[in-house]
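Next come two complexes, and both contain chain A; in the first it sits with chain B, in the second with chain C.
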Partner chain A sequence: MTDGRAPPPGPGLGVIGRRQPRLDGFDKVSGRSVFADDIELPGMLHGRILRSPHARARIVRLDTTKARALPGVKAVVTNGDAPDLVFSERQPLLAKGFVHYVGEEVAAVAATDPFIADEALRLIEVEYEPLPAVTSLRRALQPDAPLVHEWAAGNVAVTHDRDFGDPDAAFAESDLVITDEFRSPVQHNTLAEFHVAIADFSNPDKLHVWTPTQSAPMYQMALAKAFGLESSQVRIVYGNVGGAFTGRGRAKPHHFVAALLSRVAARPVKIKATADEEFIMFRGSGETLYRFRTGVTRDGRIRALELDVTFDAGAHAEWAMILWLPALYPNWLYRFEGLRYRGRFVYTNTVPKGSNHGGIMGRMSAGWMQHLTRVAEELGLDPAEFHRRNAIEAGDHARDGSDFGSCGLKECIDRVVERSGWQVKYGRLPPYRGIGIGIGAQASGGKNASNDTSAAMVKIADDGRVTLFTGIPDLGQGSWTVMAMIAAEVLGIEPADVNVVGGDSDIVPFDWGAFSQRGTFMTGNAVKVAAEDARAQLASVAAAALGVQAEDLVFAGGRVHIRGEAPDAPGRSLSFREAVAKAFHGGEGRYVMGRGFFNSPRQSGSMAFSFGAQVAEVEVDPESGAVRVLKVTVAHDLGRALNPLAVEGQLDGQVFSGLSQVLYEECRMDAGQVLNPSRLEYKLPRTWELPEVDYTLVETIDPYGPFGAKEVGEGPIVVTMSAVAAAVANALGEPLPQMPMTPWRLLRVIRHHRRRRARGAPGAAPR
Partner chain B sequence: MLLPDHEFLKPASLAEGLALLAAGPGARVLAGGTDVVFNMRGRLFTPPAVVSVRSLPELQGLHERPDGSLDIGAGCRLTDLLADPLLARHPALRTALRAVASRHVRNLATLGGNLCLDTRCWFTNQSEDWRAARGPCLKTGIDACHALHGSPVCVALNNADTPPALIALGATVTLASVRGERQVALRDFYRDDGIDHTVRQPDELLTRVIVPPTTDRVVFLKETARQGMDFAYGTIAARADGHGARAGRITLVLGSLTTAPVVLDAITTRLVADGLGDDAIDAACAGLRAALGPLTNLYSPAAYKRELARTLLRRALLALREM
Partner chain C sequence: MDAKRETPPAGRSRVLRLVVNGDLHEVLVTPRHTLLDVIRGELGLKGTKEGCTTGSCGVCTVHNDRGEAILSCLTPALEWDGESITTIEGLESGGRLAPIQQAFVEHHAVQCGYCTPGVIMSAQAILNATPEPAEADINDGLAGVICRCTGHIKVKEAVRNAWRYAGGAGPAPGGSHD
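== the complex of A and B ==
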């Protein structure tokens, strides 16, 4: 899959830029790695949650007598056991008198084995009085729709309206204004590791929770608040994490329920989601409706943009924070005069929802890039040229306050145009073959809260072995390996000599977590500072021993030597281990410990942005409606590829997930229930449906990133989704108003074309 | 989801197994377990006992009879059948076998199991909790169908891959019980009722599958959402004698679209008369709507199923013509 363009280590770099296999790779593939579900604690109970079968109902009667009497049952909890525990917004942890969605937590049991827990659930008697429910976004918006919550008129939970520049004037001055609509479905995060939590609250002064997470501090704070503890009284253990894709950003009800059951039973309690529970309690993407409006000049300059986005929040607005993102996003891509954003979060009687892989920008871009492609084509412009003409550049100051210290957007566009053969293919492919281009940008971390910071510690044992303590979770993206590389680069040793200790909030220093593409940038900077602190301590010892100034020393290749001299010059250099031993066994007795932290100097927003462009080629079978993605050409400006091997893994994974979301994935909803709650029926492609991927890594060496690195954690999938959607639209000759672009949706368009052609109507035939 | 309590019975011989089926009302036949176990976990049924037949010697083996037909044990695993050189003479059947699920499943699943595969519906093949929200249906206890409101019969889909291929090949199956043995042509084995979807009686066991010899052209096509490891949106098995556009005998069987495989007799009669020319193929496709009758939106929309059926038919006939 690689074309060998992965850059070599940068000048003067020994480890950074190298194709480093992941340090935990063998443990992972040999099954030695421990995940939360592998953990068995002494006396551990098995918890199960009784969930609402109704989209909306009043609880007339709830009787747990029989369940409590079942031998082996150690705890049964209902709202009465924690009446004031509010999970999010105004949502009680366990239903209080009413249920608002299918799957809502009503009661829970803990028993000595899973079979007894299962049986106990059956013995809980609940009598419901079903109430009129609103189970779709469209229904929720109708004037006569029942109200999900009486306090929310029109079922609108939250709105976010924002203008940049003067959009009205900008539209008025436009030569051409085009409007399109798009709709994206309910989608699941499809994590490899199912939701699981083990809580040990048998000591009421300390709550231990073993669970996969993207942010231990967020889980810690939420659980501490819920149970009246200080943060440090909550310990989150998150050793290995089997994927996240925005699905593990906030603690979910099962974390709190496990803790509650454990407090009652005074024994550890494990709750693991069953296969269909995964699809019932998930908090992935909700259905979303978009209206895009763009005003342009005749010569193809964007003057005005309007994005109107309506999100299905579910029964509680847990994820209202995603509302503000689409307002900012166009600022990072295009120059324009005015932008209007109207966003609203709408209640429905469905599980609370937020986003999945690609955040909300991926699904929005699948529609928006089709729309912008149409705008370009209406102007008679090549869409690649249209994007390029309006693209921002390094040094730009955007209307949302963002500055771009580095920006390879135009270079990315140029590279994919060149490498995909765009010029000879666009507009010249046979019928039902399509080619599409998408572009995207992604903030590399940011200042989203006062504690959006990262810290790291390094200790060096007297045998020269380095231990790095970091709170960044490794979700499978290889963050622990890249952190070891950063520490190794600074200390002039091998990544394999760095032992990464992570995943335990009692041990590691603070780290806000692995989301918003902040890991490499924020944590990477903190690790670099910590390693530099350790190196400075070693350097002063070594300098004294070698009779030079510390600034004259170079740490490289496992040695400490004098700049300009041979690394192994006898009497004029030390091995790394010798330097460490001199510090520890010398008169000072210094045990070297380095510390570092990183905090953005900005009040808000991001210090660095990645950029990308992709070209997708597809083939539509006009008889079956099936789409085959033939090739995706990727160029991503990631600042610097710290580990090109891991970068390629990110690109493969995101191209795969991106095309999967555009073409395959959808929770088929009916009356508030998921009709396809399994990996069998929730269609995901198989790995061999991953097309050829051509990579170009554009290195712009960001002034603020560690060794110039930005992000590659989510930027690429947003672009894949745009490019694939644009390619399908290109194959059919018109934008697709909905994803996923399933065979039946494509056939409907093709059928329509055939009828029009049969009537002799012009246009709309695929080129 | 956990398995409900049940008695696990493992007879040593066919006679013992048939006696168990005759004695225990509600005993469920278990072969590979890839379908039954899953449905039991969802408590679609909670039989007091399951009778494991996978190791019965009478259900094993594949051999050629003197008349050239293949005699296949219903307990043969799909993986073993695919590896057997005797099956090389039926490439379309091999295609159908290989289309079933994944290698992992084929390592467990048996031919008899695939032929008896329960029908599927996304309102019914769910966990007990899920179904509790929707309320029961024809299959789970009351007089209501969530897939086709007002339907007097269960319209769950027959989603098995091997039946269309074996029907096209003219296979017969042996049903054994303590009452004796009977042969049933596979095309008569299925019923248009998602609950009692075969003519097999509860005390009967499907023991052998007989595939007569043929030199005809046969194809099998399957359309899925992803490449493999999936149930079909639609399948077709097509068979014809003769060469090119000329055929004196044609068999066409559509699968996975309805409650039972659909044998297209009326369309076939016209094709034999007209040959496999382009116009005749168009006419055959146009006649599908009547042949298929009403379709459901289960797993894919009815309009798509109808169009997919036409595509499968067209492709199968074109493929036959080229063979």
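== the complex of A and C ==
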């Protein structure tokens, strides 16, 4: 592959910067890793959920008599069994008199085997009276649309309006103002591990839930609130998580239903999504409409920005918290005078929506970067130069209050321009070949959705082996391995000598979890503090033994030695194990345990931001409309690559998912039903559709990150989506107003061009 | 919707004789049990994962006695009476990983790991058919599995480099060879 990708380990660092294979690799490749679906509890029942087949209906009759009578059925629940159980907002856990979307939970059963549970579902009799429904965003916004909830006039659930600077004045002072619209579809998170939860609520004082999650505390709080418990009475076990892609941030109805069934049956209950159910119960991204307006000066400076975003919330605004994000985002990328953001969440009679990989930023950027490319081109400017001219820099203080301790945005732009051959390709490619550039930023955690605390503990056995306790879930990104590397670096030992214990809220110290790209930064800092605490304890013991000051000691290469002397100087150094043994077996009998937590000194927002630029090259087949992505050139300022091998994995996965979302992924909806509820019909790229990927890791060594690191978990996908969309627009000679950019959508544009060319109309050919 | 799904007739249970990873098992199954149900449920071999159960994700891939990839979720268990299959647990020998497994670790071809058993069985099936697979062989052999995390990029790298891990000790950890 390329030489741009692997920076050398940092000076003075022994472990950080090393290409470290994941420490749980053996278990994962040999089939030993245990996922929630692999757990069998004694007496475990199998739960199934009866879901609404209607987008909106009144429940006329609901009769569970026959189901209850079926041998093997141990629990049947409807709203009558838990009338006060509210899942979120004003949403009852089980439908109360009415259903508001296809897939809504109406009743549930638990039985001794899944076949009996299926049979019991079939025996539940429900009579519905269908009601007029609103199943698309456009329809919901029409003045005569039926109301999804009578309390929400115009079907508007929540709005968020925010101005920075004086946008009106800034637009008035602009030489050129350009407006574009864009639209993104319903998308699914397509998790490898389907939705699954095992709940054991046999003891009413303790609810145990085995389930994949991005945030155990969020699940604990939600379940505790619903069932009248304290958070600590809810235990979440989340050992191995089969991917998340923003799809496991909040507990979903099946978690609550499993708990309810378990309480009723007084036995553990497992609920796992069956084939198409995975596409019915999901909380992916909803349809979204965007209007972008940008005012620039003739010399290519951005003065004013306007973003107007309308989200389909589905039948309940479960995820209204994503509404404020697009208001902040431009502050992290560009300098400008004024920004206006108008965001609204709109109810429809469809499954409540959440987010997909890349969050709202990814899909918005697929449109916004096409728009900004057009702005640059209208000015006669190279878009790469346009982005660069307006890019923020380290030391900037943004209008949303963000400060940038490190910022490699311009360097990222320069690297991808250089490595992609942008200068010789942009504007010079043959017809139906395109090249596009996108840029992006991502916060590493932040106090917007939570107080953002992470904590960690370290214990050291007298044989010198270290156990690290962390609440950060490893969703596949390799967090546990990188946390072991951080602890190992601090203690001067090998990552393989660190045993990571995670994934059980009864055991690990508090950690908000793996969302908002906070893991490496917040948890990494907490682990560093905990390891330093342990090291300080060892250092005082070792210093006494060696007759020096603790500050004079260096922990490296598995030894504790005196700074400036040979690491193995006889009588003047100790092995790590000897130091630990001296602590434990010495007079003090000290058992070394380090603890630490990390929280930002800021009152709000984030301490660090990563930045990236990418160039995508595509080829469009004018006969079929199919797009082939030939190459993606990536540069990402991630502060420092703690484990370059895992970083590459993150980049690969995000390039894959980014191009997939822009080109392929769409839940085709009809009357609130997903028409393509399987991976055969919901397209993802296959092995032969992968582009060449060229990586450059830009290391700006953030002043606050652990060893200078920032995020790399979601920043890159936002940029991939931008670059691929801009490249397709470039190949066709005009922005595409909608994603995914499927063959038939492209063919419509191509045929339109051909008709215009045949009539001799100007400007209709791709360059 | 679940409510409308017909539950297949239970049928009569029969004894299935199946060799898995060299061990003979006799289990009582009904006509509606898939091979995957038997592997995970009756035999408790949880390495093979269950995803879509409809042939669209590949995480349930195992081998038949010719070392070819089979989607165990799609095939009724009783059709395998008297047959011999290999699951992910059968790839290693004496606790030592097979070269393809070692290659997956070293090349970071595994992230969340949920697809990994199925992807590795698919990859091994490629190598069983063609010890030195061309790009097209790898693409075809992995076409039926979806690895959401890795985008298949390092998976393909691991398959190309698996030969380097034959005979135990492989190259330096975290190595990249192309």
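Criterion: the second predicted complex is superposed on the first by the 758 of 767 C-alpha atoms of A that agree within 3 Å, B and C clash if a C-alpha of one lies under 4 Å from a C-alpha of the other, contacts with A are read in each partner's own complex, and residues count from 1 in each chain.
Simple rule for what comes next: contacts are C-beta pairs under 8 Å (C-beta built on N, C-alpha and C of every residue); 3 or more make two chains touch, one makes a residue touch a chain.
The shown structure was predicted, so the numbers you read here are calculated from the model rather than taken from an experiment.
After overlaying the two complexes on the shared chain, residue contacts for A:21 are found with chain C alone; chain B is out of touch. After overlaying the two complexes on the shared chain, residue contacts for A:567 are found with neither chain B nor chain C. After overlaying the two complexes on the shared chain, residue contacts for A:558 are found with neither chain B nor chain C.
Considering which of chain B and chain C touches more of chain A, the answer is C. Of the two partner chains placed by superposition, A:405 touches none, neither chain B nor chain C.
In the superposed model, A:683 makes contact with chain B only, not with chain C.
In the superposed model, A:625 lies in contact with chain B only, and not with chain C.
Shared-chain residue A:191: touches chain C; no touch with chain B.
Looking at the shared chain after the overlay, A:53 reaches both chain B and chain C. When the two structures are aligned on the shared chain, A:43 is found in touch with neither chain B nor chain C. When the two complexes are laid over each other on chain A, chain A has residues 51, 53, 115, 118, 274-275, 280, 680, 684-686, 688 in contact with both chain B and chain C. Those residues of chain C lying in contact with chain A across their complex are 1-7, 10, 32, 40, 44-57, 59, 87-89, 91-92, 97, 101-102, 104-106, 108, 110-117, 120, 136, 138-139, 142-143, 146-154, 156, 173-176, 178. Chain A meets chain B in the complex at residues 51, 53-54, 102, 114-115, 118, 274-276, 280, 623-626, 664, 668, 671, 673, 675-677, 680-681, 683-686, 688-689, 742-744, 747-748, 751. Residue ranges of chain B in contact with chain A, taken from their complex: 1-2, 122-123, 126-127, 129-130, 132-134, 223, 225-231, 233, 299-301, 303-304, 307-308, 311, 314-315.
The part of chain A that touches chain C in the complex is made up of residues 1, 6, 18-22, 24-35, 37-38, 40, 48-51, 53, 115, 118-119, 121-122, 124, 126, 190-194, 240-243, 245, 274-275, 277-278, 280, 475-478, 645-646, 648-649, 652-657, 678-680, 684-688, 690, 693.
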